Structure formats: structure tokens, C-alpha cells
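Following are the structures in question.
Heads up, the next two complexes both have chain A, just with different partners, chain B and then chain C.
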Partner chain A sequence: MNRDVIVIGGGTAGMEAAGQLAKAECKVTLIEKEEEAGGHVRNWCHLFPDRRNSADVVKYLSDLINQKNITFLKGTSVESINKSKKKFHIKTNRGHEMLSDAVVIATGFDLFKSEKKEEYGYGIYNNVITSADLEAMFRSGDLRKQNGEIPGRIGFVHCVGSRDEKSGNLYCSKLCCVTAVKQAIEIREHLPESKVFCFYMDMRMGGAHYEELYMQSQEKYAVNFIRGKVSEVGESINNGLIVKVEDTLAGRPLKMELDMLVLMAGMEMAEGGRKIAGMSGLNTGENRFFAAADNHFGSNISNIKGIFYAGTCTAPMNITETISHARASVTEVMDYLKESNI
Partner chain B sequence: MQFDPFVIPFNIGLYFILIYVITRSVIWFRDLSKPDKLRLQRGFFGIAFGMSLKEIFMESLIHRKILKTNLRLGYMHMSLAFGWFLLILFGTIEADIFGARHLNAPYKAIFFRFFNPEHGKTGFEAAYGFLMDLILAFILSGLLLAVLKRFYSKIVGMKKTTRLKLTDKIALTSLWLIFPSRLLAESFTSGAYGTGSFLTGTLGTWLATFLPARQMAYPFWWLYSLSLGTFFILLPITRYMHIPTELFLIFMRNSGIKTGDKAGTYSEVQTYSCSSCGICIDACQLNFSAGITNIQSAYLMKAIRNNDDVTDIAYNCLMCGRCDQKCPVGIELSPIRMIQRRGGEAENDIRNIYKGYFRSRQSVNPENEIIQANYNFLKEEEPGKTDIIYFAGCMTHLTPAIKKSMVKILDASGLKYNFIDEHGGVCCGRPLMLSGQDKEARELINFNSRMIWKSGAHTLVTSCPICYKVFKESYYLDVKVLHHTQFIKMLIDDGLVKMNFLHKKVVYHSPCDLGRGSGVYCEPKEVISHLARLEKSSFEDENSLCCGGSLANMKLSSSIKKKIALDAVNALTKNNPDILATACPLCKKTFSSVTEIKIADIAEIAAEALIAKPLKIYSSSHLTSIKELANI
Partner chain C sequence: MNIEGKRHIWSDYQKEIADDHFFYVRSCIRQSFFPGSEQFFLNLMRNILGKDVYENPGHTTCTGIGYHSDIVPSATIMTVIARHFALMKESGYKNIAISCVTSFGLYTEILDTWKHFPEQLEKTREYLFKATGREFDIPENVAHSSDIIYKFKDLIAQKAKNLLINKITGEPLKIVEHIGCHYAKMFPKSGVGGAEFPHVLSGMIEAWGGNVVDYPERRHCCGFGFRQYLVQANRGYSVSNTAKKFSSMKPFKPDMVLTNCPGCTMFMDKWQYTIKEMEGTSFGDKGESIPVLTYEELAGLVLGYNPWDLGLQYHMVQSEPLLKKLGIEYDNADKFKTKDGKQMPIPQNLINS
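Let's look at the complex of A and B:
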């Protein structure tokens, strides 16, 4: 039995899929464009809902791909995919030419480029940061403004590049709400003197233990939740951020000065995934993510026989869902190999 | 007396249309405002009259503008208009010279060959006949193009042609029949008498070989007369009304009459002057980017003429003004559309039975419910005395990079300025105006005017072309209004700021309200070429595209707006520039949302190129341009 499978993308989904495929005795090549495997989780500090250290997840995944059946190609990206008969022919930017029997696409997501919502001032005002920047601060253990001061009033803007027709993303990224809640709690723990405000449209707490965390953030950590979208951000004379927002519950416009503003950037189809969609003829949906063959029982299956999807290249997912989805893709791959007598 | 019953339809039609046009002109003149009446009277005895004659010849007959944009389409229009004019002119002369008497009734000239079948035997007569045949052939060649255009519009280089209503179709058919029936009638007559020149003569001789020419001629003379008569009678209720109306339009325009903001004679004359040529359809981005082909100006004009409900058409428009620039008749299409918007959803109740011929006058603005549109709740802050006011505008507050750049540049200039809406201000009023709510907008205008007036400034600088246009046109202020591109240009020229040269390729997108809307084309490009390498695009100046984000259209879905934006970006960035520069916060926002290419306002590029220097407050009296401004 010598069945080759190529997994494109070495994040959570790709690593999980590669590991499970290797366990099922496939010869796996895992292609990752960065110098290190791990994807977005590597940059995160703690994970919701239980705030476990993300390093645990990275360690689990790294151990999983540390098998003799797996070849890990770092710093490599796919240049072309061609199918002839039942073989996939893949070329990379580093000159590899590979043949495989099946392909798992696990190209994941990119964070929405917050500069595009210029009215929030990311890249223009020093103390406007994204959720990912904040997570990096948590990792360094040093939560400060650009000038080194400790921020006193911190705001979170939900739905940046999600549920926003003008940004071209009509869908909900679904993790940002709970991430904001988690980060708000962490800020309050780091800086007990601080005041935290979340500006939200809806609080979408549809996951195990999310609602409890939300409750806790209000009762225990006194995070303020203001329902309304931020319309614009300006700068005050003393370099504070002036945030204009409508409080739709109180029915009045608000203008408040904050020290720091965190933008909850949504998830978009990854640039790499878009390139692969362009070169391979894989279908994408209106939300630009890969379109699965069936929403209910074919979420790993693509429109090309032998190519399968794993993880957030099809839709926003949290770590738990990504790992489940990656495992499911392995089942699909094994079924396919068996049915095709490979 | 030469007479035959077949001339009756023609005569009825001709006298009908003459009486109609005279009546109509009287009504139009009566409805003019007093100043416009005076303008027209002055124009009649002044230079305007001569200019109009020249323009009528160049545009209504030769169709110079259409020829310049589209040779085949221009030829089609020219051959029909100019050819027909020549046919009538030379026909009248022919009847006068060769007819039984001088000063004949018009029908004698039109049906000359019927009444003078033997004509054309002598050398001179034959030469004249040759000329007449030549003119007829000229018209027929254009007609052939027109027929082909109707069925296959690409033949004249057009992607779309206008759709017609029933009366238009009948009139069109009668128009199409006029010249072929004349050709056949003349040919048969010539065939029977052995006269006629290269066209009618040859065709007639050939037809006479197998047909009884003398008997065949008569029905065709009837057909010729009937088609002329039908055409004349239908003319006022079809688009062909543009033929007589355009003459009035040209004369009125040359006399200095403008569309204004209310419906009146001039807007009506313009509406009737539209020939539905369809050039505006090809120019419209809603057509070529979004596939919407029922709202273009030609359709608006038609809907107004037909007293149809125009609300949907009037509001589904980016108001980019591309069609205004392309209209060969020079109709002020956007102002007319604005009049329709101001008319609101009001119905034209008063419809009379002759509505096609004498349509009820367009409803004037319905009185809106009295809304307490005042802004008393806003704190009117006392602005400090200053020389220059910077008004960023709402859209610029949503694109803080522009705002920040302007502050940097203003600080560097050392001029005394006041950022008047730094902490929020009141809207300039244009979005309300674009949705037809002038009264409400006036409240905003008054509020802002008071602020500006109190500051004592001599110059107002704005970053947003939307604000710029409204400050220039609808505010009555004793200040010089500048767009920031003009202001930066002035700072550079006066040596108030020093700039580095950035080695970047920049393509400029001219915003609608700044370019076509306000005529500011040069300064933005001059600033760019001072700072970086300005690249040309295929959509410069008057031909620039709309970004698709226009405030003027509230009917389009986001996805269509994005499609328009994407098409525009792709068209502008064909040569892979480093930066796509614009001078409007709305254009910047719209473009940024659809592309990864760097979009920047000229102010941002200038701020990047700016060489910092110590802050020093100059007195404005040292500076040439600024000094000139202070003296206004």
C-alpha cells in the first residue's frame, strides 16, 4: 500500500489532516508557505472558551505531524495543480514536482485587512490595533500604548469586515464575538484599573460555554457592552481616540474618548486559497470561500474528484470545529482511495 | 392650376405641423420667465442669432459632434438631416426655376417630377436632375444605415440603441417609407417619360422594361404623400419632434438661458430636443458595467415626454455627468434629472386628451410636509478669526488619512487656518439636494454659512468634491472656495511648501463632482506631476469614470456598485501603477474596498512628499496667490 496524499496548508486543519492520514498509512506531503507549521494559532496567546494556552494546541499538532510517513515542506507554496487520469501533479515555487493520489486543501483564512475600514483609523492612529495585535501583546505580557503608557479606557469594535456589505463580506465570522469577550476579560485581568467597552451589533454566543463567558465578563469583569456600530474614529488633542458610535439601546449618539481601540477583524478566504481556486478550477462561493459539494453531508468534498477540503478554507470555524472537519476530510480521502482502487 | 388629389395627405400634414409648431412656440415663449424672455429678445437682435444659425447648420444638419465621436453614426444622421434639407432647398429652387410659375405651393416642389414629367430633357435640366438624384442617393445611403442600425446597432458602432414605443414605430416606418417611395415614384415617372438622371432614370428605364411604368407611378406618388403626411402628423408625439425643437434649443442656449432648478420652457425644449440617438446609453456605466439599460437619459427624456412615472428612472442614476458631456445636442441632462427628483413622487394629475400634443405642464415641487428641519440643537460654536478655513466634510472624517495629511500640509504651510469641523460639523447639504430636498438642505447651508462668515476667513478649503461643488454653487459666501488639490497647487506655486519627488507611477482618477461637476481638471494633475510620475489612462478629464460609490444613487445594490467600482479600477490600472490617486474621499473608499492596489488621495501623496520645516506663522500678506484671495 503506497498511497500518496498531498496536504496544502500547515495550519490546524492541515496538520490534523496530515497526522490522521499518516496514521492511516498514507504517504503524506504537507506543504506550508511559512517557515513554521501551526498557522494562526501560533500567534495566539490563549484560546476561548476555557482560556487554555494555545501552545498546548500547537504542541499537540506538532507531535501529530512528527511521523515517519509525513514529509513537511516549509516555505513552500503551490504553483500549479493538474489532474491527469487519477494522479494529481503538483508543482511548487521551490521546484518540487510531485504526484499524488489525493489532495487535501487546508489553506485556511486570512484576517480581514482592517486598513480597509479607514474610518476606524487602523494604520493611521497609533493606538488602533487589531485583535491579533492585542494577542501578540498578551504573549509578550506587555499591554501598553504606543508611547509606553498604560491604557485606561479600551474599546472593542465588533464585526470589522464581517456582516458588512460595504466590505464585501456579508457573512458572520462567528469567532470574533467570543474572542472579544475573552480578550476583554484578559484586559481587565491585566489592568484591573481599566475600563473596557465592546461596541457590538449582536452578541453571537453560539458555542459551548460561550454564553457563560459572556455572563462572566459582565458580572465579574464589568465589561461594558454598547449595542451600536462605530461610525468614525478621530484623534483628540492629547492623542486620545475620539470614537463616535450610536448607542441603539439608549437611542442616542455617543462620543467617547478612549486610549486604545481593538478591531475584531473578521475572517476571509486566504489569499493562498484564492490562488489555488484560480489555478485549479475549484468552485468558490459568493463569500469567496471554497464551496463544498454539500452543506450537510459533503462539507469536505469539492467539485474535483480527489480534492478535499479541511478547515477554514470553507467557512469560519473555531479550533474544535477545524480539527473535527480535518478528521472528517481524512474519512473522505480514505473512502475515495478505496472506491477508486488506489 | 396643377393639382392632384394625392397631394392632400401631404398638405394636411404640412399645414398641421406648421400651425402646431407656431402654437407651441407661442406657448413656450409665454411660459418663459421674464428675464428669459428678455434674454431671448436680446438674443434675437444680437450675436446669438448668427451664432445659432451657424450652430444649427453645424449640429442640426451636419451633426458635427456625432461625426467627431462616431463617424458612421454621424454620417447616418447627417445624410438624413442635411440630405433632406438639401432636397427641400434644391427642390424648391427647381420648382421655382423650371415650374410653370414662380413662388409655388410647397407640394409643387416636393412632387415636382409628377407635375413636370417631361422635365430633364435639356442639358441644364439634366444636370439639375443629376444633382437631385445625387442628394436622394445621399439620403438613401443614410437610410440604409438607419435601417441596419435598428436591427443591428453595431453597424454604426453602437452597442445599444433606443427602444421605441408604438407611435415611434409608426412614425419611423413612415419616415423610412418617404425616401424609397419617392425613389420609386420618380423612377416610374422617369421610366414612363424617358427622363431622370443616373438613379431615377436608370432604375425607371429598367423597371419600365417589365412593368407598366405610367400606371405604377401613381400609387407610389400616393404612398410618398401619405408617408410624408403621416410623419408630419405624428411628429409632435414622437421623438422626431426633436427636429424642429432643436432649433429653438440652440437659439435659447445661445441667448444665455439656463436650465435652472425648476421645470420650465427651457427644460421642456431640451426634453423634446432629444433625438434618442442613444449615445448616452453607450456612455453610461450602469449600462456597460451593470447591464442596466432602461434608465439612461434618452429614456428619461422619453418618459418625461410621455408623462410616464419617471421616479425610478430619475433616481437610478449615479449623476456622474458622463452623458452630459457626450450628448451631441448639448442637453443639460443632469439638471433635468435633478428637476425630476425635486418633483418628488408627485403625479401629473392634470392630463388632457391632447396630452401627446400639448402635455400638461410638469408638476412643480409638491409642498413637502412641514418638517421642523432646523439645527437649533447643534451648538453654534464661535469660530476664531482666521484667514483660511479647512472644512474636511463627513466623508473625509471617514477617511482620516486624508484629514491627517491635510493638517500636516496646512501646518507646514505656516498659514493661519482653522479646521472648522475637526470635532464634527454639519453636512454641506449636497446629499439632501441630490435626493431633491432643497429646502431641508438650505437649513444646513445657512448653518454652515453663519459659521464661515463669523470666522472672517477669505478662503475655504475642502477635501471633498461633493462639499466643494455645493459650497461653490449653492452657498452665497464672500470667500474663495478651493478644493485641496487647488490649494496644494497654490502652496507649491507660492513656495510655501517644499516637496520631494517620489519615484512612483501614479494614475489619476478624476472624481465626478470635481471634474465634470466643477471643471477642476488641471490642478490635481499638476500637483501629481510635481510629486511623482503621472501616467495617462484612457479615461481622462471629461471622459473619466464614476467610482460607483456615488451618493446620488440609492437604488443600486452594493454588489452592483462594487461591480462598477471594480470595472473602473481595472480600466484605470491597466498599466500597473504604484498608486491610483484620486481627490475625493468617497472615490478612495469605494475603490479601496474592491482592490489591493494602493489608492491614495492627492493630499496623502503630497503629505508623504512634504519636506518638514519648522512651524512658523506667516502673515498672509506676503504671499501672492493668497494675497490675491484676500482682496476678493
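Let's look at the complex of A and C:
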């Protein structure tokens, strides 16, 4: 078989799909808007639940796309997708014009812009950061407040831009709870003298080994879990963060001063995915992610024959699920090429 | 604190504010407790900025306090407000300027209700016509009077005689801004700068040379909260809210508080006296209390007007410490005299005086 397949998006899903398609002897063009492949995982330090170094995953994916059947176009975004008979005609911002027999959309997700939750003061109060900012600190090995001091009391706000009607995101981003647990443990390891508080609505520990990690965070690392939503953040005269939260288990409001507050930003349909949906006629759901043809047995299939989905462009997923979903998309592509006699 | 972050938010909440030809509706509370504010607003708009502002003698209360006390039903308040719109239409105006934050919140809420439930609008038209024979149009522009001063803040700065600088230290004055809850907390898009970090008053402070104090209980209620005060048994709760707010701002040593809501001005002013009487506590620097001014009063001071013509003497917390910092000359002998020079009774127990 020697068929042309274009994969849009060079993150985990796109790299996995491209690699598996190439193994199946398709000629693959992998298009990535950034200068480097790898997506969000490149920015992470360690991964839940086993604290694997994210560089391992990036290396696995990079090795996978290092095949002769794959052309990698970096710094490139898609300008138009048109279907004529069985061929897809794709133009890019860098003047490429390509024909392909099938397309895999793997545009992934964007992190929710935490400044939209104005009451938390991201971008205003210096020591309010996001989970991604914290990962960058872990990568640098330097966990400090903006003034260079070591933080002593650190809080995590769960569900920032997830399960939040005001943000327009009713869905659960699924990964933030376990990420907060993992990051809370890492803070306690980096700074054994610190106190860590997680403000949560529900702890959604629905993955393999998540619950164990959650128990470990409490028993071994003494992370405090407070069930309640943060209502607002202010700054004291010493630049401490004054956090107001309702402790719904104790049944009372709580006000505490923290040195650092980490916002667990949720996942949203990527801007790049939205543009592609707009230009191609691909259906999106109420949650703005791409809408799969069937929730149970068609989660890789789009409303346009020959275009398939891989990974978090359809819903929040962890890396394990993303890789599985990307592999499933390859099965769908191969079936389509075969059934269509391409 | 990153001011750029605030500017980013403010840029998302810029509302359209009319430039001229306003139909002005007064506030019940402000006319009674801070009468110089509305008087100076009209003077500023008409005589200093050269704008057309019209007041109709047939304008009444919006019944907001009754509405929030559950004694005025929504159909009634909608009809009362519709009547104000009818007066505006009959007077040939399309831009409404609202002095009271409670009224502003209600006008905003009712216009939004009519937008989402047009049958309510039709019913209100019917009620008003049956009761008065009047008809009304929806205003083209709805602004709180603090929005309007915000719009012209730079023009005021150009004409300033007293910038908000402490003449003794040469430093900018430290000013707490307090926004009425009903200004933007219900409809963030209706307020300049939104609900979380409103810019309507902080913009004035910056333009006139002061520094805005951001303190932990900045968003906390002034203590009015309608039924916290209106139900007599709850008044302790009202006072404790005010005490919590002032305790939070105290370490920042603010020189004054600037407000845009009649209830906030009244309670942040008068409860300071009450708390001092109850506990002997004051919240300003050197044992003084913190003057609480309206934006019109502050604009008047900036423009060099006599503090007693602006009505500052009618506050419970007197403004002398602030006037000294601003380097404004005043004569206490004139403080409680009428326009024609007659001596009025002098209130006892004024603080800061």
C-alpha cells in the first residue's frame, strides 16, 4: 500500500498516528504549527501517575516519526481543506499545496486562559500561577516566588475553566485533579517544610493508579484537601495571597494567606482546531471540541468521509488514552482506504 | 501586583458612554445625605464641560429600596421605571444618566429582563398606558453618572487645581476605591472595567494623580446590603461587615475612600462613627477616621471648589485631614453657614474635625 495521508497536528496524537500510518506503509505528511513537534508534553516535567520523565514520551514519539515515509512540516498551519472526489486538497500558510487520500486531525487542546477567571487574579497577582507555569518551574528545578523567596504555603485551585458554566465549559477536563495531586506531592518533595492545600469540588480519580496516588498524597505527603471552591483572591500588605474559600465539609467560609496559588487550568478545543472546523465543515459539539460520528464505536470518525480524529481534539484525554485513540484512528484510516479502493 | 494584567481585563469591559444630552435621574439617598454631589455634577456638566443635562420635575424614586425589601413587586418597579423612560421620551432625550447605583442596577436588570422576556416589556407598556396614558422608548445609552465623570476624567485633569498629591510628603495620595455591588456585579459588561477589577473609580484616581490601594477585602460589601441594615435586628451584621472591610484596609493607611454608590458612601462614612463609639476603634492613620467621598466631591476638590460648597461638612467623618494633605485652604467659620451667610446649628461629635 502506498497512499498519502496528511496528519494535522504534531503533538502526542499526531506523532503517534503519523508513526503508525508510516509503519503501515502510508506516505505521511505531518503538519505542525510550532517549530518543534511534541505538543504540550514537551512543556511538562514529570507525568502522572508514575512520575515518568516526560522526555521519555517525547523521545518515544520523536523516534516514531523518524521514518522515511514521514515528511514533517514544522512552523506550518493549514489554510484550507477541500475534498474533490476522493482526494483532499490542502493548502498551508507556507505555500504548500498537497493532495492526500485521507486526513487525520490531531490539533489537540489549548489550556484554558486562566485570566478569564478574573476573581483568581492570574496576570495581576504575582504569585498566582498555572499548573503549566509550575511545570516550567519543576523543569528549571527552581521553585520560588516572584521575589525569589521560597514559598511556604501553596494552594491549588481545581476546576479552573472546567465544570464551570460561567466559563462556558460544562465538561470535566479529567486530568487536572490527578495533575494537582502529582504536583502537590512534587512540591512537598522539593520543599519538605511547605504546607500544601488543594481546593476541590470533587476528586475525580478515575484512572489506573490515580486513587493510590491520591491516598499517598494525604498519608505520606500530608497534602490538605479542602472541599470547596475559591471565591476570590486578594493581596495582603506583605504581598501574601489572601484566598477566600468555602469549606463545604466543615460548613463554613475560610480565609487563609498563601505564598503561591496554582490554578489547574482546564482543557479547551485548540484555536487551530477551531479554525479547521470553520474552514472544512467538520462538526463540533456543544463543548466546542470536534464531534465524533458515534460516541461508542466511531470516536475517530468525522462527518466528512476520509477525515478522522485523533486525541484531545475530540475531548480531554490523558497521554495513555491519546496514544490509544491515535492508534485507533490509524485502524479507521486503513479500513477507509481499503473499503474505498484507494 | 501587575497593572498590565488589570489593563488587559479593563480592555474587555469598555462600555459606550454618551457624550452629551443626558436625561438625569437623581438618587433618593444622595439628595438627602450628600446633596452637594448631585448639585456639583450638574454644575460640572453644564457650566464646566458645557454639556446638556436635563432634569424632569416629574421624576420620582425608582422604588429600589422597596423592591429590595420585598415590598414593591417587580411589575410595579418596571412600570415606575417605564414612566421615567416616558418622561425622557417626552423631554426629547435618549441618553439616561443615573445618579444612584441601586437605580442603575435596576434599570440594567429591567432592560435585560425585557430583552430576554419581551412579553414582560409588552405588559409594562400596557400597565403604564392604562395608568398614565404614557408611552416610552428604550434608552439608546444607559450610563451611571460615575461612568460619565470617568469619560471626562482627563478633561477634568487638564483643568485640575489640586492633583491628588500629598503636599506635605510629595507622594500620591493612597486612595481606596469602593464600587457599589449593583454597579457591575450583576452585569459585568454594564460597568467600566467589569466586576472584579472595576476601573470606573480607579481610572479617576489615576488620572488625577493618586494611587489606588488594593487590599484583601476590596470586594467586600460596604455593610449596607439592604436587609442587613433595613431589618433592625440585623444591624449588628451590617456594622461588622463595615468593620471587617476597614480593618482590612487599615494597614495600607489610606488617605480617603472614594465611592460611587449612595449606600456605600453613607455606611462607610457613618458606621466609622458607630464603630468608634462602640469600640473606640478608628481606621485611619494617627487615630483619625478615613474620609469617604463621592466622585463628584473629589472632582470638585480637584477642580479647586470650596469644600463646604461641595457639602463635605455633611459627612460624619470630616475631611479636614484630607484637605490639609491636598493643601486646600478652608475656613471652618463658614462650614455650617447657608449660602446667604446665616449660621446653621453645628452638629456635635463630628469626627476628624
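Note that in this section the second predicted complex is superposed on the first by the 341 of 342 C-alpha atoms of A that agree within 3 Å, B and C clash if a C-alpha of one lies under 4 Å from a C-alpha of the other, contacts with A are read in each partner's own complex, and residues count from 1 in each chain.
Convention: contacts are C-beta pairs under 8 Å (C-beta built on N, C-alpha and C of every residue); 3 or more make two chains touch, one makes a residue touch a chain.
This is a predicted model, so every value here is computed, not measured.
Contacts of A:R139 after superposition on the shared chain: neither chain B nor chain C is touched.
By the touch criterion stated above, A:R327 is placed in contact with neither chain B nor chain C. With both structures placed on the common chain, the touch criterion links A:H96 to neither chain B nor chain C. In the superposition on chain A, A:K86 makes contact with neither chain B nor chain C.
After overlaying the two complexes on the shared chain, residue contacts for A:N126 are found with chain C alone; chain B is out of touch. Of the two partner chains placed by the overlay, neither chain B nor chain C lies in contact with A:R42. Of the two partner chains placed by the overlay, neither chain B nor chain C lies in contact with A:H190.
In the superposition on chain A, contact is made by A:E118 with both chain B and chain C. Of the two partner chains, chain B is the only one touched by A:K166; chain C is not. Shared contact residues on chain A (touching chain B in one structure, chain C in the other): 118-119, 121, 124-125, 232, 234-235, 242. For chain A in complex with chain C, the residues that touch the partner chain are 115, 118-119, 121-126, 232, 234-237, 239, 242.
Within the complex, the chain A residues that touch chain B are 116, 118-119, 121, 124-125, 165-168, 231-235, 242, 244, 255. Residues of chain C that touch chain A in their complex: 1-2, 4-6, 8-9, 194-197, 214-219, 251-252.
If you check the complex, the residues on chain B that touch chain A are 397-401, 404, 422-424, 558, 562, 588-589, 592-594.
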